[in-house]
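In what comes next, chain A is part of two complexes: it sits with chain B in the first one and with chain C in the second one.
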Partner chain A sequence: MLGPADWVIWFLATLFEALVVVCSLHRNAFRRYFFLNLYMLFSVLVSVGQFRVLIHYGRSSLEYRYFYFYSQALLVISLYFALISLYSLVFRELKVEQYVRFGAVLLLAGTAWFSYAAVNQSSSRMVTHFAFELSQNLYFVGLVLTYVLWGAILKLRETRALLVQVVLSLGVYFSAHAASYAISNLRPDLFFRMGYLLPVIGCLLPLAWAYAIWRVPEEARIEPARLAVAHR
Partner chain B sequence: MIAAVIFVISAAALLQFFFFYCRSLIAASAKQVLSAEVKDVTGIERTASGDDFKRVMQLLQLCPERPEDRTGVQAIGAYFSLLNFLRSTVARIVPSLRAWTELERGQCAYFAAVALERRISFSRDMLAQQMDA
Partner chain C sequence: MSRKLTVVLFAMLVLTGAMGLKAVVTAHGNGSAALSANGVPIPTPF
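After this line comes the complex of A and B, so read on.
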């Protein structure tokens, strides 16, 4: 049975995801951040699909769980490519885009293989656990890659404020998701008790991106090195 | 075991990214100059103090909300609470940390004042559009 909170969270998440695309179109940033927008469009489609399954079968049904974990796995793959597109933006001047793409595909394949191997060893319910394992591992790989990207931003003295905010909010999102997946792996009974935590976290990334695209002009500059210094 | 390691690393990274993200929001607003009207309303002249934050947030809540402003305001609210926590715990022992938390709290208040300025001008625009209609 759906409560008012489910409705509100679903509606807000879908609204914020659509808002990112609208803001990008309005600011003529759709093509520049194509993979970010593509991820948001996929998220809108998955939100609609997830809600339909939720209405028809309920939160605790097997159908909802299958749909939820597999759609999350597909979404995190598309977010992974959005992250790689940010790498391309940061490393554009070094002309290493094709190496970045090749490395990204190799890392994705490696993560999928590792997830398969881990599930194959420890679980009899391979199909359901593979999507969960892949999502968790990809969120963690995404977190590590975002951290490396942040390091590259500091090292290369990248000053585009919009890019910096997009990368940092992605870091918050990946680490929050990786932490919540890890804790639910440690205590599987906690995953469905956490209830609204993951959907609420899911609202934060589109909001942060919409805010950055809407409020921060493309030409705005920031000194990332100053953000990392706590004491002055 | 792997899940426990992932959890610890992720939680540490979450704190760090959240900290940098909030500072990037503050840095973007620090360059904006407040109008005389907002300075009068908030009582902030040149530099804001952490004690102004609560009052400015109350004023901010009186204005119509804008969805694209929500993340920034909420993130800075959470950051301000984190700073308050640091101020009342670790900063009691480390004096340099106390001075830094005070500075950051003041910048949070300035961020809120900049957001207030935006909301006031948004409300004005809405009112002007209604009058035209």
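After this line comes the complex of A and C, so read on.
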């Protein structure tokens, strides 16, 4: 049974996700950050769908479990493409879009193959286990890709403030997810005590994106390379 | 050609790094923990 805090966090997360799309439309940034907005739109639709399935069938029903795992896989794949679109924005001046696309498809295919190999032994519900495994693996791929992208931003001296804020918030999100995953495996007892941490961070990602799109002008510049300079 | 090979190498490195990180994280568990990304309640496992 869900408590009031669960409902509030879920509602706020959905509200913030919709807010990203609204802010993008208002600032005429929908097409520029199309895949970020697509991810947020999917998130809103999935939340609404999960709410309906949860109300009709209950949390322990097979319908809710199937809907949850397949929709999470869809969401993570769309988040992966949102991250790749950030790569395209950062490397746009180098004219390497085709290589970014090629690498993205190759990496997604490699992750899918790895996930399939991991669940191949499981005979029952293999497709569901594959969807679950793929979504978890893509989170870790996304984490590594975000840190590589941050390194590229520092190296290329990228100065677009909006882009930097979007990438940094994504880095915090992926890091928190990986940390939660680690704690849930290493210390399950501790994980259940901090049960609201990951959902709250899940709320903060769309909030950070909405704030960045709403408040940071496209022409605003920042010097993230200075952050990496070690003063002696 | 060399650029494509570089992309292939990069993809393999990222995949290896990510799966290695996941293996380290799940070294003391079975890796079956389900996490909700967007505040959605996690269903009971199969």
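In this section, the second predicted complex is superposed on the first by the 198 of 232 C-alpha atoms of A that agree within 3 Å, B and C clash if a C-alpha of one lies under 4 Å from a C-alpha of the other, contacts with A are read in each partner's own complex, and residues count from 1 in each chain.
Basically, a contact is a pair of C-beta atoms (placed from the backbone, for glycine too) under 8 Å apart; a residue touches a chain by one contact, two chains touch by 3 or more.
For clarity, every value in this text was computed on a predicted model and none was experimentally measured.
*Asks:* Touch test for A:A161: chain B only (first), chain C only (second), both, or neither?
*Replies:* first
*Asks:* In the superposed model, which partner reaches more residues of chain A, chain B or chain C?
*Replies:* C
*Asks:* Given the touch rule stated above, what does A:N185 touch, chain B (first), chain C (second), both, or neither?
*Replies:* both
*Asks:* So which positions on chain A get touched by both chain B and chain C?
*Replies:* 136, 140, 143, 178, 181-182, 185-186
*Asks:* If you look only at chain C, which of its residues touch chain A in the complex?
*Replies:* Interface residues on the chain C side: 3-4, 7-8, 10-12, 14-15, 17-19, 21-22, 25-31, 33-46.
*Asks:* Give every residue of chain B touching chain A within the complex, in rising order.
*Replies:* Against chain A, chain B makes touches at 3-4, 6-7, 9-11, 13-14, 17-18, 20-21, 23-25, 27-28, 67-72, 75, 96-97, 100, 103.
*Asks:* If you look only at chain A, which of its residues touch chain C in the complex?
*Replies:* My answer: residues 2, 6, 9-10, 12-14, 17, 43, 46-47, 50, 54, 59-60, 64-65, 68-69, 72, 75-76, 79, 96, 99, 102-103, 106-107, 110-111, 114, 125, 128, 132, 136-137, 140-141, 143-145, 148, 177-178, 180-182, 184-186, 188, 191, 198-199, 202-203.
*Asks:* Where on chain A does chain B make contact in their complex?
*Replies:* Within the complex, chain A contacts chain B at residues 15-16, 19, 23, 136, 140, 143, 146-147, 150, 161, 164-165, 168-169, 171-172, 174-176, 178-179, 181-183, 185-186, 204, 207-208, 210-211, 214-216, 220, 222-224, 226-228, 230-232.
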